[in-house]
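Before we start, here is the structure in question, set down as structure tokens.
Chain IDs A, B, C, D, E, F, G, H, I and J follow the sequence of writing; residue 1 opens each chain.
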Amino acid sequence: MLKGISNRISPDLIKVLMEMGHGDELVLADGNFPAASHAKRLVRCDGHAIPELMADILSLLPVDANAKHAFALMKVDPGDPAETPIWEQYRAIAAEHSGNDQPFEQMERQAFYDRVKNAYAVVATSESALYANLIIRKGVI
Amino acid sequence: MLKGISNRISPDLIKVLMEMGHGDELVLADGNFPAASHAKRLVRCDGHAIPELMADILSLLPVDANAKHAFALMKVDPGDPAETPIWEQYRAIAAEHSGNDQPFEQMERQAFYDRVKNAYAVVATSESALYANLIIRKGVI
Amino acid sequence: MLKGISNRISPDLIKVLMEMGHGDELVLADGNFPAASHAKRLVRCDGHAIPELMADILSLLPVDANAKHAFALMKVDPGDPAETPIWEQYRAIAAEHSGNDQPFEQMERQAFYDRVKNAYAVVATSESALYANLIIRKGVI
Amino acid sequence: MLKGISNRISPDLIKVLMEMGHGDELVLADGNFPAASHAKRLVRCDGHAIPELMADILSLLPVDANAKHAFALMKVDPGDPAETPIWEQYRAIAAEHSGNDQPFEQMERQAFYDRVKNAYAVVATSESALYANLIIRKGVI
Amino acid sequence: MLKGISNRISPDLIKVLMEMGHGDELVLADGNFPAASHAKRLVRCDGHAIPELMADILSLLPVDANAKHAFALMKVDPGDPAETPIWEQYRAIAAEHSGNDQPFEQMERQAFYDRVKNAYAVVATSESALYANLIIRKGVI
Amino acid sequence: MLKGISNRISPDLIKVLMEMGHGDELVLADGNFPAASHAKRLVRCDGHAIPELMADILSLLPVDANAKHAFALMKVDPGDPAETPIWEQYRAIAAEHSGNDQPFEQMERQAFYDRVKNAYAVVATSESALYANLIIRKGVI
Amino acid sequence: MLKGISNRISPDLIKVLMEMGHGDELVLADGNFPAASHAKRLVRCDGHAIPELMADILSLLPVDANAKHAFALMKVDPGDPAETPIWEQYRAIAAEHSGNDQPFEQMERQAFYDRVKNAYAVVATSESALYANLIIRKGVI
Amino acid sequence: MLKGISNRISPDLIKVLMEMGHGDELVLADGNFPAASHAKRLVRCDGHAIPELMADILSLLPVDANAKHAFALMKVDPGDPAETPIWEQYRAIAAEHSGNDQPFEQMERQAFYDRVKNAYAVVATSESALYANLIIRKGVI
Amino acid sequence: MLKGISNRISPDLIKVLMEMGHGDELVLADGNFPAASHAKRLVRCDGHAIPELMADILSLLPVDANAKHAFALMKVDPGDPAETPIWEQYRAIAAEHSGNDQPFEQMERQAFYDRVKNAYAVVATSESALYANLIIRKGVI
Amino acid sequence: MLKGISNRISPDLIKVLMEMGHGDELVLADGNFPAASHAKRLVRCDGHAIPELMADILSLLPVDANAKHAFALMKVDPGDPAETPIWEQYRAIAAEHSGNDQPFEQMERQAFYDRVKNAYAVVATSESALYANLIIRKGVI
């Protein structure tokens, strides 16, 4: 534990966050996402939901103000009646840290998965909400 | 995630729990414990308190019914006025899983540290209570 | 050994099962299958037949209820008079755990082999029945 | 699988058996034995009982005819009323392969554990009988 | 050394033979073959000729009875007057173990090299006969 | 780079700082100190002086308020006329972060070296001042 | 530290510089560059600006006098009003060491990134100037 | 050191020479060649010129008598007035060991570099002559 | 294979022989010796007898002319009627290479085993003669 | 190769020299010294004599001006009539770089060997002179 850093941030996670550069992407994967098979680098955060972790990360990680969308979500599959209330939580947290209240790009499932494979790292959480996977693009300091 | 297993239990943690045998010991270390420098095998559970994790673990791990004390705590240092209310939580959880309501041995600080060095694994939590470190001795099935 | 988990499940196997996510596939390979040459990750279960192991695994691993077929078998080669009585055993076990009594897709040999190469892991058993290889697709919890 | 070799013998196990020399010892550990913490080299045989495995191994591994006792068992703890019927199975299998019907040395618990730490390898089985751990000393060909 | 297994078979070689499955191929390479640069897995048997080793291996390894040719040789290069008397030795050994007296496919040099690159393992021998490289295809038990 | 963390702190250094627990020690070694031969874990900070790095580290790392001396210096060798003005800089930085203006223990050269060997990590700087090596003992949060 | 070599040059960096040959390229990346995701080999120089490091490196590393441009910069993106005063510093340092006062090639962002991926190594600095990334092509001695 | 083998041949080099087979190629690279970036396997011989090393190697390594050219050189670049007197030394050494006085193929720079990437190993020397890189093709014994 | 070196000498073995220096010892272990458990470095020569290998090695390896005994044998155990005709073969080979016809020291079993543990390397052969283990002490060139 | 650094200094050697600190020792071992068995870290310089290498190293490495003797030699064994003319070469080189013309300590053989085991690194040369091993103690910059 260190002063001013949430104890949800593990030593491996902070090292990965610090190694990332402008344009590198971090994936916060929900508890059912096939994280180990899609990640170049895998950081496990078992037992944690995404919103608290997202807030902890954004207090350290600058988001890409240059990009049209600094965050990406997986679009609801056609025909799926699922609701995505967690997106509102994400929006509030993102807005607080990036000053942008429309920062989310929505991607179809397969395109989202392909983008995850190129991300710098995937954080495997236990988030149980539907369509809760989130990509964050790092900006500059 | 697997059916019937808490999502606080990571893949590395369940592997360690399963590898342990009769008499091997597991340490649940609080957030300030020097876990990395004292562990033969280290499993990180950043951001988690011990009571929930202890209960999750005991639903899988049999405790040593043969041993006089299947659990060990670090005794309050002489002269330290600290209270240890978390021990009551531990006692309730231990009693529920082991059927023994006086299962705790108390050890002086240095003896406790030496025993940790011989334990099979140390789980690094973020528990913030005082004198919250806990050793569990595995039993038989 | 852990409470409530079959001792046929090794520490490596349970770790792999837990790491898998929605859509990741597990192969239960028979004793003659070229498992080591086709597996991304190999878990050996020498000396065991598939049905008991399949049941042990499905008591932990959710199958993909979204997929049309959560299981895949290798189709009998054209002209091969072999019978496949083990498929009935598989069907009963699958039905018990997935509530679907027609869950099997049949694939031609080469297509089956190619799919194995992309699976998350292959479990090398000593099953001696013919056409006994089985692919299981993980679902959500 | 190979001709004439039981499929309970894994590739890792046969490699270990072949590497051993005169006087090296192999431990067949029961399902509760702390194998991972006591083994120089660990071979897992999850889900298997010891008698069948012992017979498979002795069909390949010569036992030490020079030693007074080519096998060692852990003595029943003083005061423990446990019976050890599995020893009769061991005796029959040992006699068949070594031609010696009194080949067993009995050792107290701690001495047995210390000897395990010096053994060439430990085979972790799921044997559930009491006092079922067995040390085999390799002989010459 | 183990009972009933030739001491020319090293621990690494028997492990590789056992790991192979139906359709996996093993290459016995002569002393001048570029084994290290063409092998996925390399097992060295320096100082040994191929016929004795081939016989030792076939006493353990089932050959593929389904394949038209369970063995492959490298065809004599066009214009090369070399004789290949060692093929007769191979034929006798193969016939004894596979019951097939015409089991050999002959391949042109480059096709043979390409096939070696996909083989499960290459055994580097010191065989000095010409055109002595041999591919063996594993069958079922 | 991360928000609010000095860019002198490398990804490896912050990981080490976070892994440390109560009582673990960190050594800031000057440019001539034999860091690589005395460190359990080595983090290089070539080209940097100690005072700035010490301040960066103390903004993250809590010092041990329980210990009589949370910092240790190497005593000037008997007979050496060297002055140690850098100690004043250390004192000011330590006082600012620990609220203790007499936090330094002085140790003889050999005792200091022995303590370094037990420290959690050594940071190899390029500090050129004399007697500039510094040990910091981590506290609790 | 060694005689005549700047202490900003770490042991890993000098090893990399020495291993490079004619035509191999070194990238000095600024503090926001995604160095870890683009580097074949990564050397960290956290906390340092590029000009001093560039001068230190060029006092050891010969630049490619045969190449039309021994250095490459990333061109200012179209429409970006950013100024690049650091280029003048680079020009002065390059001229001093290579005797060429027009040594810089300018490349568009994506082409620059692609070239970085093929470079021998990337040095991750904390340079904060804009458009400060620099590629150096090694020459002969 | 061994009897009858030059002390310029290091343990790693002789191992590589012995592992090579018929048709595998060895590159003797001059001091400026980008050896580390082009080599599948790299053996360093810092401080040595090529002629002595070439002679030492050819006293052990048979050259390919079947190939039209058992050696390859890099052709002088068009327009480069450089002389290549070292080629005469190479010719004399090659002739002495291979009995062929016209054994050299000349290749254009880029084709030479591509061939190096496929060679079995590259030996990094400190040869300072121009156009001194040399490829040797191993023959049979 | 290399010119003038027996093909019984593997790439790993020649590397080990070359790395050894004055006073380092090599053990030629018979087929039943517990080589893997006693060796700092293990080189396998399965299927080979010791005399031919000893001669091959001594054609490369200088023996220690300064030592009173450059070779050591394991003394016949008290009461064991075994004959050791292989020692005469060893004596002839040693005499031919070292010019010393009384070079053998005889050691009791346990002392011999302890010395093996300190040897530079152990060569595991398949020699079947009794009391055939041999230690060779390297000399100077 | 780098500007101003001898090409006898390999990338591994310069890295080791730079990592060493005040009081760390470097051993220049002659061609018969058992370097691999006595070295914590081994750097090979096959084919090179010590005097040139010593001079190259001392142009980079400061020697310990505080130590009574910054260099150590192995004393001639009692009764050995060997001469040690190479010591004069060492003395001249040492004097030129350290300004001390009596810098050598002489140690008996066993004490010298023990000190080598604690040295930071051993450089294995091919020096053929008698009693040519040399220990250098690094100083400060």
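Just so we're on the same page, a contact is a pair of C-beta atoms (placed from the backbone, for glycine too) under 8 Å apart; a residue touches a chain by one contact, two chains touch by 3 or more.
Treat the numbers as computed from the prediction; the structure is a model and nothing was measured.
Enquirer: Call it same or different for chain D and chain E: same when shared residue numbers make up over half of all numbers used at their interface.
Expert: same
Enquirer: To test your reading of the model: what rotation angle superimposes chain B on chain J by C-alpha positions, in degrees to the nearest 5?
Expert: Between chain B and chain J the superposing rotation measures out at 145 degrees.
Enquirer: Which of F-G, D-E or A-C has the same interface as B-F, meaning more than half of the contact pairs match by residue number?
Expert: Most of the B-F contacts reappear at A-C.
Enquirer: Taking each chain's centre as the mean position of its Cα atoms, how many Å separate chain A from chain I?
Expert: That gives a centre separation of 62 Å.
Enquirer: Any idea how many Å lie between the Cα centroids of chain E and chain H?
Expert: Their C-alpha centroids are separated by 32 Å.
Enquirer: Taking each chain's centre as the mean position of its Cα atoms, how many Å separate chain A from chain F?
Expert: The computed centroid separation for chain A versus chain F comes out at 36 Å.
Enquirer: Residues touching two or more other chains, restricted to chain B: which are they?
Expert: In chain B, the residues touching two or more other chains are 1, 9-12, 19, 31-32, 141.
Enquirer: Going by the touch rule set out above, what shape does the chain contact graph take here: line, ring, star, complete or other?
Expert: other
Enquirer: Going by the contact rule set out above, which residues of chain A touch chain B in the complex?
Expert: 1, 6-13, 31-32, 44-48, 126
Enquirer: Would you mind writing out the residues of chain A in touch with chain G in their complex?
Expert: For chain A paired with chain G, touching residues are 19-24, 120, 138, 140-141.
Enquirer: Would you mind writing out the residues of chain E in touch with chain H in their complex?
Expert: The touching residues are 29, 31-37.
Enquirer: Give every residue of chain D touching chain E within the complex, in rising order.
Expert: The touching residues are 1-5, 9-12, 14-19, 59-62, 141.
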